[in-house]
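Here it is: the structure, laid out below.
Letters A, B, C and D mark the chains as written, and numbering starts fresh at 1 in each.
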Amino acid sequence: MDNQGRIELAVIGAGYWGPNLVRNFTASGAAVVTHLCDLDLARATKVAAPYPAIQTTSDYQAVLASGVDAVAIATPVRTHFPLAKQALLAGKHVLVEKPLAWSVAEGEELVALAAERGRVLMCDHTFCYTGAVRKMREVVHSGELGDVLYFDSVRVNLGLIQSDVNVLWDLAPHDLSILDYVLPPHLRPVAVSAQGVDAVGTGFASVAYLTLHFDKPIIANVHANWLSPVKVRMTLVGGTKKMLVWDDNEPSEKVRIYDKGIEVGDQDPNRVRVSYRHGACFIPVLDSTEALARMAREFCTAITQGRAPETDGAAGLRVLRALEAANRSLESGGVRIDLG
Amino acid sequence: MDNQGRIELAVIGAGYWGPNLVRNFTASGAAVVTHLCDLDLARATKVAAPYPAIQTTSDYQAVLASGVDAVAIATPVRTHFPLAKQALLAGKHVLVEKPLAWSVAEGEELVALAAERGRVLMCDHTFCYTGAVRKMREVVHSGELGDVLYFDSVRVNLGLIQSDVNVLWDLAPHDLSILDYVLPPHLRPVAVSAQGVDAVGTGFASVAYLTLHFDKPIIANVHANWLSPVKVRMTLVGGTKKMLVWDDNEPSEKVRIYDKGIEVGDQDPNRVRVSYRHGACFIPVLDSTEALARMAREFCTAITQGRAPETDGAAGLRVLRALEAANRSLESGGVRIDLG
Amino acid sequence: MDNQGRIELAVIGAGYWGPNLVRNFTASGAAVVTHLCDLDLARATKVAAPYPAIQTTSDYQAVLASGVDAVAIATPVRTHFPLAKQALLAGKHVLVEKPLAWSVAEGEELVALAAERGRVLMCDHTFCYTGAVRKMREVVHSGELGDVLYFDSVRVNLGLIQSDVNVLWDLAPHDLSILDYVLPPHLRPVAVSAQGVDAVGTGFASVAYLTLHFDKPIIANVHANWLSPVKVRMTLVGGTKKMLVWDDNEPSEKVRIYDKGIEVGDQDPNRVRVSYRHGACFIPVLDSTEALARMAREFCTAITQGRAPETDGAAGLRVLRALEAANRSLESGGVRIDLG
Amino acid sequence: MDNQGRIELAVIGAGYWGPNLVRNFTASGAAVVTHLCDLDLARATKVAAPYPAIQTTSDYQAVLASGVDAVAIATPVRTHFPLAKQALLAGKHVLVEKPLAWSVAEGEELVALAAERGRVLMCDHTFCYTGAVRKMREVVHSGELGDVLYFDSVRVNLGLIQSDVNVLWDLAPHDLSILDYVLPPHLRPVAVSAQGVDAVGTGFASVAYLTLHFDKPIIANVHANWLSPVKVRMTLVGGTKKMLVWDDNEPSEKVRIYDKGIEVGDQDPNRVRVSYRHGACFIPVLDSTEALARMAREFCTAITQGRAPETDGAAGLRVLRALEAANRSLESGGVRIDLG
């Protein structure tokens, strides 16, 4: 830390996301960004221009050898593991972009290593730091919805097709991390199955459906699609008492809580009695703090307080397990894969 | 036929749908409804009140023995087969509400019998007679979308829970019949898989996802849900050239055709080149003829012209095959079931 | 009344609206429709077909001479006055479609006559009997919005152009009657001004704006337009504490109450301090009773209880005064006209 | 100009808008920002930090004495006139934020002075440089809509209340400049009237309606409101052939062109025959260039080419005339004010 108690942080990767990390950690007041590291030094220099105090470098080892407390890794996924592992071995706290690593085995090794070395390992599940998702979590955890019955998430758009991964790997980390964050800990999926099609011939599914199975009568589903003419980002959460809709296309009224539901009365063998409740709808005010700013603060606070952050390595690993299982299910034509 | 060349028709069943059939066949001018038959004679009498020419009866055999040309069956699904079979054996043309029958075996027998006797067998897939679905078919069949890549249909609402069937059996016949009607005949699903959950304890899934597999790189999916706080009825159809959205919640601008797409260029082993086209959107005018009126006319015209109607028994049977396979998949935890 | 205590009612006019009155009064159980009168007897006979107990006639005097308690007048506006006057003189209670009469002078005579004869005179301001407008009234009257600051109503569509009146006369009675019903009685407009243009050459404005002035810092405005490509029916009501939006295009979530507002702090001569409150939104459940059914019951109940109905002749007259003043303002290029 | 042919520009004012001008002129490549001038030098220094080549100063005279070709004035409205006048007198080209000046007299003097000195005087009507408004202009000017019948613009929100001007002065410059830009030059308003209410006690109207009158059967109207719980930014333009809707709340499908209309047939004295056309809707692709970037380029190009820019001083003056007349109308209770 510097003499003002701020975390000294190196940002690794000056591509798409790195500049956002630089900006938000700097603005947080809880960290001081001392280094920006990228193999393309010119790019790092350009990104760092408005921040005279940032040193730019292409030498990761030098960053690790410096006195920084922590590194924030925003590099291609395949490099997450070696970079994060080296940082943990060097005693640094580590923030990694999602997904945590390229494989579950890698993710497990990072989580174990962080535990062993007593370092904070955090995965940047940015959506979990938005006002909308935090409100969803608050509502679900409070019991206001009753028991959760289903979670349905649609994330479709005319999207940037990735050539080396399928659409679930690209988009579903958002939905999986949100599901993990919003549902209470006793509700974790136990298996997944996935259906998809390689509609544009890249060798990977560009339209896919992921189902998460539980050991309770709950179902979760994600529709991820790079080929939709319209952008839909809508999540439904049904509960025994109330139901919730999150429509991220709405500029401000993103989360609606419906006092609607179904009650099934005493059953005799021949007949089910169902009653319907069509009550009011409530649209809460959402905290409008920028998600990345809140994420940055959470990382710093977790380090300072020596506690696990909200979206810690374990959460990142759970998301990764579901993704890897989804890939196996896709490859095998939709077979159900246990999450072990 | 009567002396004006109109089909003489008996409507069987005076419950929810029967009165609509009476009204629309009468208004069509192509048929004259001579009988309304229901086990509950009082109900039939009440429904027939504004139509002095309609005889009401609870005796189906008497109807078959009369000179009617055709029967329109709007009774509980389990009775479709015996009623339709008797009518075909009595030489009547038959219209049946969807789904065609309770099992594929029953459906096959009806289709075979109609062929053998040279009678029209039609399934009332009402949505196929709406202006929106007909426009979708026209656009897809014309090749305007290019090759179809996917078909995604969401049909969710706080719906009337059925106690003896699952939500797919209740709602998916709409989507399956639309899919069957809209896609060209060389694109037929070859297998299905289904995921669902019995969220309210009726013994049947109330939230379910049905995937249809093809022997081409196409995927179709249906989300059917009785427990949604909001009503969504939205279908996306992606093609290699254009894409289409049908939002049935829109009062008039239901179908939108997007000049959007993705083109994948020549591939070298290491890189996929993708280009995106974000063109204009076109919202065509839809024919606003009432769907049921058009369906009624189609049945009469098919009889008069001695040809198969648009949604004939074979179409009804294809829908039934997918439904039955979906049930088997649901019961076996999502296993893929071939459509034989 | 008949021997079951039901009002005996004659419906006058079998055109567009009359059949709705017949159906709803019959269904109400509070009235029995005994006559349907129209100069076009064939039309009346056709409309009355499903109601064997209704006598059809083209002789209005015979209706008045019969024992009916009340008449419901759904004829062209220019005939409202003579028909209603004769009925009142014959001792009948009278329901008139909106607007009450063709001129304020006529309306005043009807109101005075009804008072003199002790008969119920009611104007069918149907919107005031919808769940949405009743909820608005309840919210405004309860003080939940604080003091009302403005009322803005947009009613535009590609509408049926009337050839003998302007668009305000056709559409604004809805907005004016709703305003009259929703605002508390101490808030009545004192003057109006209107702007418009005869855009299609009928001799009357087809696009118009009506402003209502008050003797308090409140403003109300109506945009009425027959030439809009889209249908908008949206009313905003701003208050010092909360604000309300009624969007009649919404299928069910029509009324939203926003806990939003502005507070102006102590002012010094040089600076205004304003604080903004961006609170939650609440969407209440609306009573879904058909408006016309509720209106029919209100007319019958007012007769039975000998009290003024909710939208009585006085309310109809206030609407008429605003309309007539709007016409004068339109003709004089927008001059402000006092409501006297 | 510098040796690369770029306009040398000083930005005056480092408040809300100045930084946007600095960024966009710099990015345009057509100008080089040499000075940023603000009475609050610290603020100017902070804004200029990422631009090492910009000199900051609080001395406007020094700026004018420098070799800059042009100044861009983004200061409080009351200072527009003295600053712009001095700049023109010093031979500089001038860009002024909207509105052009505090009074018509001031505006006229600036326009005359620019003409006399042969300098470019431009008003930053930013909306006129958006893809949506440019498409509207293109459609209207092409004659695709036929003759324009009306222009209706709603701009309401829970807005930042200004304490020294009314809501028309704050918001209507957008609508007035758009109207001026979109309508062909032979369609200019000849008079205005305005209605409003000082709903929150600032001494100025916070809810207002502005009507523009023409010497043809056209009407234009603006609803400006700081007290709306919802943000609406919707413009309707009706024509004899087609109609257009611009909904600025839509993320991408902002402009829709409806092939809808009304045709009035040959009239006999007793009857108007109207036919309705309900055709398709077309949603064009909009140019997504940032408006301010395009505005910056237009200013530079106009200087280089020695021509009037699109939103020149004359356009700014027409907007100002309407605003000043609207103020007079508001103060006099809605009297119609000729635009002279």
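Note that in this section a residue touches a chain if its C-beta (ideal position, glycine included) is under 8 Å from a C-beta of that chain, and two chains touch if they have at least 3 such contacts.
Predicted model only: the values in this text are computed from it and were never measured.
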Q: Show which chains lie in contact with chain A and also with chain C.
A: B, D
Q.
Of the pairs B-C and A-B, which shows more C-beta pairs in contact?
A. A-B
Q.
For chain B versus chain D, what separation do you get between their C-alpha means, in angstrom?
A. 53
Q: Just give me the whole-number Å value for how far the CA centre of chain A lies from that of chain B.
A: 40
(Q) For chain B versus chain C, what separation do you get between their C-alpha means, in angstrom? (A) 43
Q | Residues within chain A bordering two or more other chains | A | 256, 278, 281
**Q.** chain C contact footprint on chain D (complex, rising order)
**A.** 149-150, 152, 154, 156, 158, 161, 163, 193, 195-202, 207, 209, 211, 213, 217-219, 221, 223, 225-230, 232, 236, 238, 243-245, 256, 258, 260, 262, 264, 267, 271-272, 274, 276, 278, 281, 333-334, 336
Q) Of all residues in chain A, which touch chain D in the complex? A) 49-50, 231, 249, 251
Q: Within their complex, state which residues of chain D touch chain B.
A: 253, 256, 278-285
